[in-house]
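Two complexes are shown next, each including chain A; its partner changes from chain B in the first to chain C in the second.
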Partner chain A sequence: MGLSPTLVVDIVVGGLITGGIYALVALGLNLQYGLMRVLNVAHGEFLMMGAYLTYSLHTAWGVNPLLTLLITGPASFGAGLVLHRLLYARVLAGGEAAEALESRSLLLSFGLLFVLQNAALLLWSADLKGYSYLAVPLRFLGSVFPANRLVAAAVALAVSLAFYVFLQRSFLGKAIRALMQDPEGAQLAGIDLSRVHGLCFGIGIAMSAVTGSLISMLFELTPFIGLPYTVTALVVVILGGLGNVVGSLLGGLILGLVETASVYLAASDIRLIASYAVLSLILILKPSGLFGR
Partner chain B sequence: MSMKRREFLKTTAGAAAALGTLRGRAWGQAKPVRIGYTLSATGPYSVGAGITQGPNYTLWQAQANAKGGLLVKGQGRRPIEFISIDDRSEHETAVRFYEKLATDDRVDLMLPPWGTAMNFAVAPVANKYGYPLLGPTAVSNKIKDLQLPYFYALLQQPDQIMGAFAGILKELKAQGKISKIAIAYVNDLFGIELNASAATALKEAGLEAVDVKSYPLGVKDLSPVLKGFKAAGVDAFVGLTYPPDNILATSQAKEVDWNPPVWLAAVGTAFPFYRDRFKGAEGVMGIAGWNPKVKSAGAKEYFDAHVKKHQKEPDRWASAFAYASLQILERCVAEVGLDRPKIKAMVDSTEFQTVAGPIRFVKGSNVSTPGMVGQWQKGEFEIVWPKGLATGTPVVPKPAWA
Partner chain C sequence: MAGKLALVLLLMALIAAPEILSPYHRSLALAILADVALAVSWAFFSGPSRYLSLATGAFFGAGAYLTAIVGARVPWPLPVLGGALMGCAMALVVGALALRLRGPYFAVFTFGLAELAKHTLIWYETGVTGTVGRLLLAPPGPWTLYYTVLCLAGLAVVTALLLRRSRWGYALVGIGADEERAETLGIDTTRVKVGTFALSAAFMGAVGAAMAPRWTYLDPQVFNPFVSFQTVIMALLGGATTVAGPIVGAVFLGLASEILLLKFRYFYMLGLGLTLIVVVLALPSGLAGLASRLRPSPSPLPRPQP
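Presenting the complex of A and B:
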């Protein structure tokens, strides 16, 4: 198969669409795992919840799916703060070794995963749910792309970039970066660890839920759509480097490009193999991640 | 500890039994007929189980119990009691529960779980303990190789389904309405088998697919496949799909601006949900087997009862066969009682009249229902192939996506 200009456009744009969504969901997980060593395997479940919330708001009251981000974002941020205060803060209290915190928070997240899945099952049942939004073709550069995917990816990238600017510029962002680089030093400088943890947990979950809102425009929903996204996010986090925000962003885009290229140039079945091959290569060549220190 | 637990169980079982007898008065004190099964309420199989099988089990139970119960030969009517759990879409959970149903609960009858793989997993258990198992959602050419005399498959199998696909495509090509066929199939046992059957059936019909592409289960983007078919000038799309990828392909076809004259897909198209999701899905074709217009006795009554009880329509393929499997059991129990070898003998030797038409088994496979193709036309999934059973005529080219 020749590499025609249309094919290149298909791969690059298609890859950026997929990658933009990966980046946002991975950023949320990285914030939790990189900073707090909370391996939140229920991360994808918050995505699922955000998706259902948007679905309900859109189908019941006709709210524009993009506007629902203004609801799912803050609502899930609040839920994240409460969950952190009620559950994770207790588990994470007492400065123990990172491994101990990791395994305990992992168990807690597993429990949360089942609770959230079953809650969704009770609320929305296991029937497929979905709606059409911006399901129209958009033509440019000699090819055609679904408008809703382009919009979803653009919003995801915009949110990711906004968060990056927030980390670089705001005081709180600097505190978060300081804690990521040197937890002890940052605390000595007067940064309240527990408070920043809570905020980061909330922001991470909000990112997952917002991604879910965007995804609900593209795919059918069931209570079980979350886990594959957790796995993908984990791959991106490892690819980009633990606790590295830019790494997650670029890692997501790279993974999206690799997957899309493999689908166009080989076959759809190769997608997972290609993404795990990239992950394996990184783990062998640079275990700290592409952009890890 | 285990002794204590056993004691506790005895006590609670006693209490439950006492409650049961109290409640039993309402049933005229007849001992219930206990029927065991698992269905997936969670996990990937829950979507299909909740559409095709679960609603029919509970509808049948409610209808029978409203009449005073299931008529058992020589014993009058006995209420139906279900013993079931959520198998969580896990084969081993289902297998363990069917073992328990046979050895511990010693149920009178068993009903199958949802889906080909699940039926494959539990059929040997039912067979071992001599429970006839009438599966309405098992589709595989390999069923006949299993050598399980107690297992029966009601649905059309891949060879018959693909025979019908090839039949209608051949006619449309002869009419000059299509020229290039392409196939996309889901890369698991189900899709691979359908694809193999499709290759044979197309060849026998003198047809050939210009492109065949596979995609993995849980695929998130089918636009590369669809764009490829579009670029190749394909005018008959054949999707050997499960419901989620079927819906993905349909929405993405519109999004990449591709509207081939024939859009023919496998599982999912016959769901009322699909029709509603795509604003009527006018002109979309898929595997069919039933609609409320078919001539079988009770078809319309079944449709109305299903809508009344569940506030949703039965799907237009396997739902009626799920209900038919229960009609078959009901008739056998009325004529030979709960003696399972006798039930099996009757299932083997009888042609049953059901809401899904006549059903007769030869070596465990229903030989009375041919492969069919349906097409959504003004809200109904009309059967458009074979002509002898058709409730409508095919509309090709299909109208633009709504």
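Presenting the complex of A and C:
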């Protein structure tokens, strides 16, 4: 098969669109794992919840899907704060060995996954739900892309970059980076570990939910869409290195490109197998991540 | 003495059960026995070693699919033996690769295994053999299945009891407490870990193979991550570091799911998630741990004062 210029544009732009979305989900997961060692396997379930919230607000009251970000973001941030206080802070305060803590918080996340997924099944049923928004074709370098995809990817990238700037410039951002680099030293310098943990958990979950709101404009929803995104985010986080924000951004874009290329050049059903294979290979060959220290 | 008598009575009741029970209750007993076998064999590896394995669904699925492929072409106990070998072989490969990973990485890797197996099988069946599933014709009778699974559950319990008192059992506890120290003390940690992991996987594969004839039609969806979670929840609910714990957990959840799963499916699953959260937060050593905490301990060991 020849690689025509249009096909290259298709793959590159399509890959960056997918990758921008992946980067935002992965950034949220990395914030939770890189800082607190809470491997939140329910991360994608918050994406699913955000997507349904936007769907309901849009279809019931006609709220513009992009405006719902202003609701899903703060709401999920609040939920994250509460969940951290109720669940994870208790486990982390237990003072056990690091590995036992990680396993226990992993189990908590699995519990959360069950709860959220089945709550969604009760609330919205297992039927496909969707709506159409900005589904107009846009010409771009000789290729055609739906406008909603470009908008979603642009918003996702903008949020990711805004967070990066926040991390570099703001006082809280500096505290977060200090905790990632050296938890003990940062605490000696007067940073309140538990408070920053809670905030980061909330921000991480808000990123996932906001991504979900964006995704609801593109795809039909079921209560089961969360887990594949969790797996993808895990692959990206492991690819980019734990606690490495730039690594997550780049990793997301790279994975988006690789996946889009494999779908165009091979077959679409190979996508999930490829994700898991990449994840397994990296875990076995380099457990600290490709860009990790 | 009373305990031994109760055990003998329980065993006799289990052996006589198919004669007494209605077909419905026999099938319920079969499902619970299979859960007991899974939970006990999960716990004798993951309990002491603290390696949180989510590969149960993968080994169970491999055994079940093997039965579906060989069908009625081989006489009955052979598919179960084949399932055990299959689980064992998979665990040897996966264990050699993945047991170097610690903490949640191991859990994630083993969780991915069932999904990887499922999607590879779907891709293979649709692309190469052109089928999407397998029909199980002429399955063995329900009595045969019951006694097969009863044997497996009994074997798993005996293995767990023997392992606890063996050098390997102590080595596993040592690995769970501090792997580096265990290695320094001369334990061949890789051999102990991979060996026990393979042994537990053999049971899971065998249970999968033995339970397959309950469904008349099998497709790659039998690689179900839910099996992995349910096993973990059963073992943790009962208490993963004891032998009785996983049995208690399996019986409890087996009955609960039978009563609730069909009528209130989503509420049941939601409740299962909440149970897991509560167990992790409030009952770190499971129901068995709770029982031993309530019972006054005969002679508390004096704690050395620092």
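The working rule: the second predicted complex is superposed on the first by the 273 of 293 C-alpha atoms of A that agree within 3 Å, B and C clash if a C-alpha of one lies under 4 Å from a C-alpha of the other, contacts with A are read in each partner's own complex, and residues count from 1 in each chain.
FYI, contacts are C-beta pairs under 8 Å (C-beta built on N, C-alpha and C of every residue); 3 or more make two chains touch, one makes a residue touch a chain.
From a predicted model like this one, the values you see are computed outputs, not experimental measurements.
In the superposition on chain A, A:Tyr276 makes contact with chain C only, not with chain B.
Of the two partner chains placed by the overlay, only chain C lies in contact with A:Ile284; chain B stays clear of it. In the superposition on chain A, contact of A:Ser103 is made with chain C only, not with chain B.
In the superposition on chain A, A:Leu39 makes contact with chain C only, while chain B stays out of contact range. With both structures placed on the common chain, the touch criterion links A:Asn118 to chain B and to chain C.
In the superposed model, A:Leu87 makes contact with chain C only, not with chain B. In the superposed pair of complexes, A:Val12 makes contact with neither chain B nor chain C.
Of the two partner chains, chain B is the only one that A:Val136 touches; chain C does not reach it. Once the two complexes are laid over each other on the shared chain, residue contacts for A:Val231 go to chain C alone; chain B is not touched. Comparing the two complexes, residues 117-118, 121, 269, 272 of chain A contact chain B in one case and chain C in the other. Residues of chain A that touch chain C in their complex: 39, 41, 87, 90-91, 98-100, 102-104, 106-108, 110-119, 121-122, 231, 234, 269-270, 272-273, 276-277, 279-280, 283-284, 287. Those residues of chain C that touch chain A in the shared complex are 50, 52, 97-98, 100-105, 107-109, 111-112, 115-116, 119-120, 122-123, 126, 229, 232, 236, 266-267, 269-270, 272-277, 280-281, 284. Here chain A touches chain B in the complex through residues 10, 14, 18, 117-118, 121, 125-128, 130-132, 135-137, 139, 143-149, 219-220, 222-224, 228, 260, 263-264, 267-269, 271-272, going by the rule given at the top.
Remark: chain B residues 41-44, 46-47, 49-51, 187, 213-216, 218-225, 227, 243-244, 247-248, 251-252, 254-257, 273, 277-278 touch chain A in the complex.
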